[in-house]
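Shared between the two complexes below is chain A, which pairs with chain B and chain C, respectively.
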Partner chain A sequence: MTVTSLQEVADGYRQPRSLGNPILDLNPITTLCVIVALIVTGIALGGWVPSLAVCLLFMVAAVVAGRGRTYLPLILKLWLGVGLILFLLRALLTPGHVLIPLGRIAVTTEGIEQGLAFACVVMAICGGVTLFFEFVPMRHLTLALERLGVSPQASYVLLASFQAITDLGATAKVVLEAQTARGVETEGNVFMRVRAFFPVLAPVFLSAMAATEERAIALDARAFNSSTRHTSLVELRRTRRWEPVLAVALGVIAVGVIVGRALGWF
Partner chain B sequence: MVLAELQDVHFTYAYADTPALKGVTLTLEQGMLHGIVGLNSSGKTTLCGLLRGIVPSFHHGELTGRTTILGRELADWNPDELATTIGCVFDNPFTQISGIRDTVFEEIAFGLENLGVAREDIITRVIQVIEQLGIEALAEKNPNELSGGQRQKVAFASIIAMDSDVIVIDEPTSQLDPEASEAVFEIIAGLKKLGKSIVLVEHKIDLVAEYADTVTVLHEGRVALTGTTREVLTDPRLRSFGVTPPQVTELAERLAASGRPLSRVPVTRAEAVELIGERMREEVGGGYRTA
Partner chain C sequence: MAPQSKFGQFLTGYGRLTIYLIPIGVAINFVGGQIALLLKLPVYLDSIGTILVGALCGGLPGAVVGFLSNVINSITSPTTFAYAILNVGFGILAGYFSRIGVFRSWWKTLLSSVAFAFIGGFIGALITIWVFGGLVGGGTGLIIGALMATGMDVNTANFVAQVPMDVLDKVPTVLAVYAIIKGIPRRLMAKLPLGWVYLGQERPGAKAQPATAVQP
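Showing the complex of A and B:
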């Protein structure tokens, strides 16, 4: 790398962070509020149509924000792996008006309705959570939280937990490979895999625990515990004025729908 | 001012049966590179911890005797202040970085952020350190995806960025290959040139001989030998404490044993090259002397 490009890297920090489009550049808290409000509204309206609409809305948002290529395949997998199973379980096991008898169990009209509603609700939640992590880098979330007064220690816990998940995955893979190399059966059916996995957990967790103490000392050496107000190299964009308005408006709608349903207005 | 003065220091880790330090008396001057050597579990890391204040504030235990750091008693130091006055880099490259930053540039900036330094000053300082260590190519990399040697360089960069006058370094190269070790030692030599005081624990005695001003040998929690690098590394008792002298010193010992001593016992390679060159010129010029 040449000197100019080090300057370029440095220049990147001189401006507020942008992920390249207005949706991704929303304040992470706005994104969080909007997603939660949409999920709550969808569920509170009842039935499968509103929840499904929310799911579709999330997909559209992902595509518009340029994250469709990663979000859509993931959501498809979730629909097949979670949504479909939940639907089938409900459809087959709910007693009621029999549509298709299948021996001792049967597909019922009530089953289909409840299954659809249940699957759509769960998928709206899954879709929202996935969308949030697709849109918001953890680091941006913690920066936004710190701006609201959350302590750097709390941010650390959040960031480190996410890093730990990545690291544990990587260590587990290494240990699994080592065990395969030693002739321990790690492939095969689910039972085999689970059995192979348990002995992996001990070394994985032990090494993570041992590292914690040294990490704490290393952080201390970097003045992490200093009582001065920490500054930040990375700067988030200024939150646009209409963002809190949007978040609050959607929140009010969500609460309104809940109250309305409770009072039997619709 | 003296960097550190220890008087009859004893330390026993909580839950340990035997003391890790048993009556250590030692004076370390400022502006020098102090090498600490000794067998495993002789107390080297414990000594580093003491200088850095993590013994006894983080690793609890029973501490007696007097420890004075930069003219102030250890107990009178505010732990946060000590943490930034005395930088440290330990052996495990995987635990030396914060683990919560996305690029090396941000990782090096982390300590400065914690000290509340303004953004523009952070950027200037980080650029300076990156150029000083020649790690421009790593600037944009994810620190969690680096090799051990690269991580160790980043750990050094991060500590150097904070510009403490004293740096305690515990076996920085124990997990690195020879090439990466050499690079780390060049960094350490650079720090010495900048006038930093350095306490360095290192098993590779040839490197200690090359870079250290003084050497202290710890043995079973006691100071077995301490003095200038030459005094200690040519001390006949060195081996009895489990420390092998540098290769060139051993070579000179063998020559002396065979009755053909060099004019002086070398401890560094450069010295050996010079002394042996001298000897060869003598022998070529004056013919072979008989012993």
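Showing the complex of A and C:
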């Protein structure tokens, strides 16, 4: 590594982290509030049109933020895998005015209405959740939470869980291949395959557990359990003045819609 | 000096090893599911970590594992979130069972699967009925749909499809938990909050208990 590039890397940590897009650079908590408020508003308005509108809004936001290439295929898969099935099950199995009879089951008008409404509501929630994790890196979320006063232990548990899933997943594949090489049957009938399950999972857990000791020492060496304020390598961008205003405004609209619906204004 | 949050205090009370075991429990939940897929097993096996941490560290850490697993799972399949309460229940129940020594003998362990399957199958079916009106996607959803097409009503179809499925799922789950607990070295077991159960020792004084587990 040359001196200049080393300098650049070091400088990268001297400034707040930017993901190079105003939407992505919002404070993670602002993003969370905005998405939740939009979902609640969409669902509270009732029917399938508002929920679908929220879904489309999320897609537009993803494209504007430059994450369309990863978000759109993901959400399309969810629409096909979750939304479509939820819709079809309801459309086919809800009793009512028969549109298309199909033997014992039939497509009914009520079924289509209910199915569409329910699928759109679920997809609005799905779309919001996936969008949030598309926009906010887990590290930034835990950092923002820590700045709000969440204990470092809690954010460690959250962050380490994600890391452990990746790590232990890789270990599991290695152990599976190793056990296959040693002659553990991983093919054959169900009972053979169930028997192969135990010698794969047990080493993964036991090795992970043994590694926690080293991790405990490493964290102690970095004063993780000290109760003073923890420092971090990465700093989040300063939250702009209008961000909380935006979050609160959308929250008020969401609550307003719920209250409005409850009182029967529209 | 930053005031330690409730969560931090709660975890410290269980000993530091518990903080490091919770992420592993979450990961084991996922890895168990992955291995089941790799071995093409017709069951989920996605609550081993919850029950394991519940059995080793106590009910509340187990519940945290269960809740976190479902939250993380709901990033990719958001309908899972509705079932988080089941996984929380598994954790708490595992903690209780562990204290009364259920996981020390294989036949008691095997029997405990009935209780776990009751939570998973019966309450799971209730959630499907209340939250999703009995109709939700996935393999079980298609079975339910098929049962309803034969003329069964939506509630019966849910129980008929989910309870037996869950017994099939929980038997290998608790057996895996039993096998893993057997494999934990005594040296590590001594540091776990509920390790005394498996080391055949008397229960340490209720208040003094974390003292044996603080130094990882």
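Note that the second predicted complex is superposed on the first by the 234 of 266 C-alpha atoms of A that agree within 3 Å, B and C clash if a C-alpha of one lies under 4 Å from a C-alpha of the other, contacts with A are read in each partner's own complex, and residues count from 1 in each chain.
Going forward, a residue touches a chain if its C-beta (ideal position, glycine included) is under 8 Å from a C-beta of that chain, and two chains touch if they have at least 3 such contacts.
All figures in this text were calculated on a predicted structure; none of them were measured in a lab.
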Would you check which partner chain A:Thr231 touches, where first means chain B only, second means chain C only, and both and neither mean what they say? first
What is the contact status of A:Arg215 with respect to chain B (first) and chain C (second): first, second, both, or neither? both
Looking at A:Asp167, would you say it contacts chain B, chain C, both, or neither? Reply first, second, both or neither. both
Does the superposition put A:Leu89 against chain B (first), chain C (second), both, or neither? second
Should A:Gln15 be classified as contacting the first partner (chain B), the second (chain C), both, or neither? neither
Touch check for A:Ser151: first (chain B), second (chain C), both, or neither? second
Counting residues of chain A in contact, which comes out ahead: chain B or chain C? C
Which chain A residues contact chain B in one complex and chain C in the other? 152, 156, 160, 163, 167, 215-217, 225, 227-229
Seen from chain A, its contact residues with chain B in the complex are 1-3, 5-7, 9-10, 13-14, 137, 139, 152, 155-156, 159-160, 163, 166-167, 211, 214-235
Would you mind writing out the residues of chain B in touch with chain A in their complex? 52, 54, 58, 79-80, 83-84, 87-88, 90, 92, 94-100, 102-103, 105-106, 109-120, 122-123, 126-127, 130-131, 136-137, 139-140, 144, 155, 158-159, 162
Can you check the complex and tell me which residues of chain A touch chain C? 78, 81-82, 85-86, 89-90, 92-93, 103-105, 118, 122, 125-126, 129-130, 133, 149-154, 156-158, 160-165, 167-169, 171-173, 176, 186, 190, 193-194, 196-198, 200-202, 204-206, 208-210, 212-213, 215-217, 225, 227-229
If we count contacts the way the header does, which residues on chain C are in touch with chain A in the complex? 1-2, 4-5, 7-8, 11-12, 16-17, 19-24, 26-28, 30-32, 34-36, 38-42, 45, 48, 52, 64, 68, 72, 74-79, 132-133, 135-138, 141-142, 145, 148-151, 154, 172, 175-176, 179-180, 183-184, 188, 216
